[in-house]
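By written order: A, B, C, D, E and F. Residues from 1 in each chain.
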């Protein structure tokens, strides 16, 4: 795609010296906790999220007797995962609107690639806890949650609880944005807090989108700008799919 | 745009018999409450939202002394605005994740088209209360909130509190989705609850986007599908801008 | 009653120029929402309350298996129904003492005129949402709630779910008070906020009282003063009963 | 009053064998706690309420700088003050609607007989904690709260903080009701839970009412019935005023 | 024990003029409330706690079907039990960490001396409400809770609901501390608020400990100091056991 | 100490095959997060706790103007740090009694070894988040919190904000218990959930205790048993002090 070359030709303006279409160093590690049925420690540069997948028998009451399972997610940030300490949500007594928005997004993203009937009447909860935050925690969470979910499904198969994995596809997510008028891939905190536009794309292994959320932080964005962000996201997620497969030994 | 014609040629599959690119009947009425500085009763078909704009002196603590104002929004549904009664959020003791997500979206949309410095150290709160819900309450809220906000700004000018309206542009929102494999504009509840993809676009008068939220409910969506939804949204919002101008006598 | 004439002879001191025993213009409209089994938009002058009656199968746990139904009420004010914006109770996380007091009063008033055994094991919830407040919201709510309740009962009969309406009588409510030393009927906000005594009477169609609440705001009130208030309330509610019958076509 | 005689002539139907116009044994004891500025242990038969009056410098924010004081009340029941254990409100995380209704009533009753300007910028809180409940806890609380309040005011005078007591009058409260078709004074729990009508009267030493709350529990009540209840209440409170004076040595 | 004599020889430094190993005057009274299955009013000097034992059929869900009972405790302080008024926990909407810590301690202490299997599937709740606080409320609560619990168990036996009391032993508690460098028994508020070390011992009738909590408030404490505190606690609780037996007529 | 040899001679009964006085493998790592002023990742066998120390200017309101600082702690467990998933406290809306008890204990332990005056008007918050739990999370938290606190104090000195570290001593904590009648050091989950007695000791570098909490879970414990636990705790903490010094390069 020729406009990437054009972007790459620009004198790099990113605080991290990355090229516009260059992601941070991403690592995915699985099997990182002793008890969870699936787990993943995911890092995007300095952003570090611990995801666990917990399998429980039974489903929420609104699904009782429908012969299907459920996948849901919870998200939290350790109080000092950020530059300055934030209040602990357990102490304030409620989860912020941002937290709820993110955990709903993670849950929907996972449910988009799993056959809930094939899962049977069990619930898998993805707990995404941010140990360190440097931008992109929700997209890192989704990318890692899929690994933890896949590991938990593999365990259900290995334990002969279900016959084959109910997962239908991969899913990964990446942020893009317009920073100093240039569309860039995978915003870190320095970029995110100054971006003109911030967008998150959740993409499946087959290249379809399951969630797009784009926000013009300081100004609206043109359709052409949006199209470039979409291109960047597809490039980024294709790299993430490879990493997901690699960590799961596929 | 030729693909609209193609869509229109399809035997209509919408429960409401609307054409794919046809919005519901939309009305905007202002000056509907006695006390609020600005107000708008907005209807999209059977969806009916009452929006008030309340101007208060002072700003939230995180903005104290920065010489700027703030615009925020709150959203609620009357318990029986829906087919079956929902629990009253004041009685349950908290606002749902969905409510918070929507009110944050409305607030961001309004802030995208106002000069907060020019507003001065005052806060405008847009209360969007859904009297009756038939799909599209968040986009109706945004469309109506802009009218209420504009009316409140006009009142500040008329009362000689500020010299000219701090509004920089119009903003309106519309939902689109893929229903029975066809991209359609302005989903009503029957469509929304069965749509394969559901997207909300918040667009400015100058045609830029300030928010895009698209969700593949049952499957991912292709880039081409998304592009058609974007086309529909631009068509829909251009009609809404005309209605906004009309009700404000511009 | 001769003392009314005496009152009428006084130079009117009410801010609204009403005579002491004169109610505001009252309107009752039913069938105002698409989904609720019963509904009523009630106005007393500038006070405007939307009441819906929702019928649900089943009863609260304390009534399980007792072969009877239940009627309850919830009350809320839109944040900008008042002169200055009030905080949204859903956002503060709890209903105020005033809100709870009012919704308990509405519920008791309805239960006083319905045969809960005849209703069967179903619950009717009256949601009273104040769109605009100018005094007397609780009495307007009761007056309108009865209309919504009656409409819902009629619908149960029309749908052949129960054989005849379990309603035993009408019920309506009105406020009275002592304003500038004169007993007056149906206080508006200007009067209410300066009244020496404020009383609410809930009266049945047969002229019995089911609730009386009288408060000396600035001083106690004499028994004679109270008796005059009682007279006014009986006069006012008799007019309300006629309006209720009219809107229901009885 | 001749109708009392008529009532007395009835074969007594009260579970306690009391005559219709006979109160339970009432005791008021002051100086019962070591720290509070005023206190009163009040008993009406088996009902036992501990009231403390706490004087604090300063007023709630809505009164700052208005040169006046404030009197407020809080009410609670020990979990096993009742026949069966109730949940502790501190553990459930909120005060019930009933609790809030009662404490608002107590506060209003006290404020009706005190000159808040003369109190100066200080707040007196009446804590009414029910140690044992056998009906009439709210009226016992009011009757005892006045004693605690008077004691606290006397202490302010004795400590030379204010020159003379800001109390303008006495206030006491009593319940009445219609039990087995007979109007009776001072309902105990056995009567209260079966009464057809339940009324609470808050009366000042000069015989004016400051609060009347009457509820038809099972049916409406006639005006004549209400008048008899009013008579009973005036008789009962006149006895309570004498007891209040006695305990304070007036 | 010779070191007690040494302590006694010291010029007394306690504000109350008590000897280092001297408890305050302790009284235990049972049968103090009308409804509770067991009750005890316990005083340690000016500290006064009302304890009720409520027997209910059934157990918490985590014990369902395990063929055993449960004993738990709740603790509260009346707002003006203290020198200055504290906020009512029911009004603040949550129990403080201190409250929860204390009620968990009381519950564990009771469960240490009861055979939960022998109790059968019933729950006994000990409500410990502090009417007046002068230090040592948690140890007074435990000492009195055992009396209320024993009375409730005796009642179960008397009512022929169980054959013999499931209580296995007595339990009582006392505080000790280091005040002005001297180990002393049974701290009152003046001592407690200035103690260098504060320790609570919960001891059974057979002389075993079931809970020890020692805190160095201003400095750590040496092992020798701790041993002296332990000696004092054993002496104190042996006196409490005698009082418990006496009030229960054993 | 000869009784240790006796214990060691026993055929080992610990599930982990450890000797009675043998701790698990303990590691302390500092500098583990990018933003916190001090941090420590502490492991005791499979128990893993991430502690951060956050320095903020200013103190809680109860300390305003007293010329001193404050040290406090918060504690949390990731939902799947345990064998089965626990509910997220942020989602339930409150911290459990256990959580509050633990974080109060950690805070007191830190304050016992720091000169709050020398710290100046700043607050240090120790966030202790349990990534994986296998018994002993509170004692691991304390041991690691001291390292994070020391690192934060060293940073304040290095940044020339204060002249010398306000830390007066080291502090560490260890659990002991009676398992299968044998006193053992450093309980893991298998032991903890079956221990007859469970005790936590918080000890300073100079060998004084600042907190002792001992609970007889199934039976009381004798004084001799307690003395052995105390011996074990002193042995264990002396090893922890060496590790703390080592990681800080002292």
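The criterion applied here is as follows: a contact is a pair of C-beta atoms (placed from the backbone, for glycine too) under 8 Å apart; a residue touches a chain by one contact, two chains touch by 3 or more.
All values reported here derive from a predicted model rather than from experimental measurement.
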item: Subunit C and subunit B - chains in contact with each; value: none
item: Over-half contact-pair match to B-C, picked out of the listed pairs E-F, D-E or C-D; value: D-E
item: Mean-CA-position distance for subunit D and subunit A (Å); value: 61
item: Length of the line joining the C-alpha centres of subunit A and subunit E, rounded to whole Å; value: 52
item: Interchain centroid distance [CA atoms averaged], subunit A/subunit F, Å; value: 34
item: Sites on subunit E at which at least two other chains make contact; value: 93-94
item: Successive chains around the closed ring, taking subunit A as origin and subunit F next; value: A, F, E, D, C, B
item: Residues on subunit A engaged by subunit B in the complex (per definition of touch); value: 94, 97-98, 100-101, 103-104, 108, 112, 199, 203-204, 206, 208-216, 219-223, 226, 230
item: Interface residues, subunit B side, partner subunit C - complex; value: 33-36, 46, 50, 52, 54, 56, 74, 76, 78-85, 88-91, 93-95, 99, 125, 127, 129, 131-132, 134
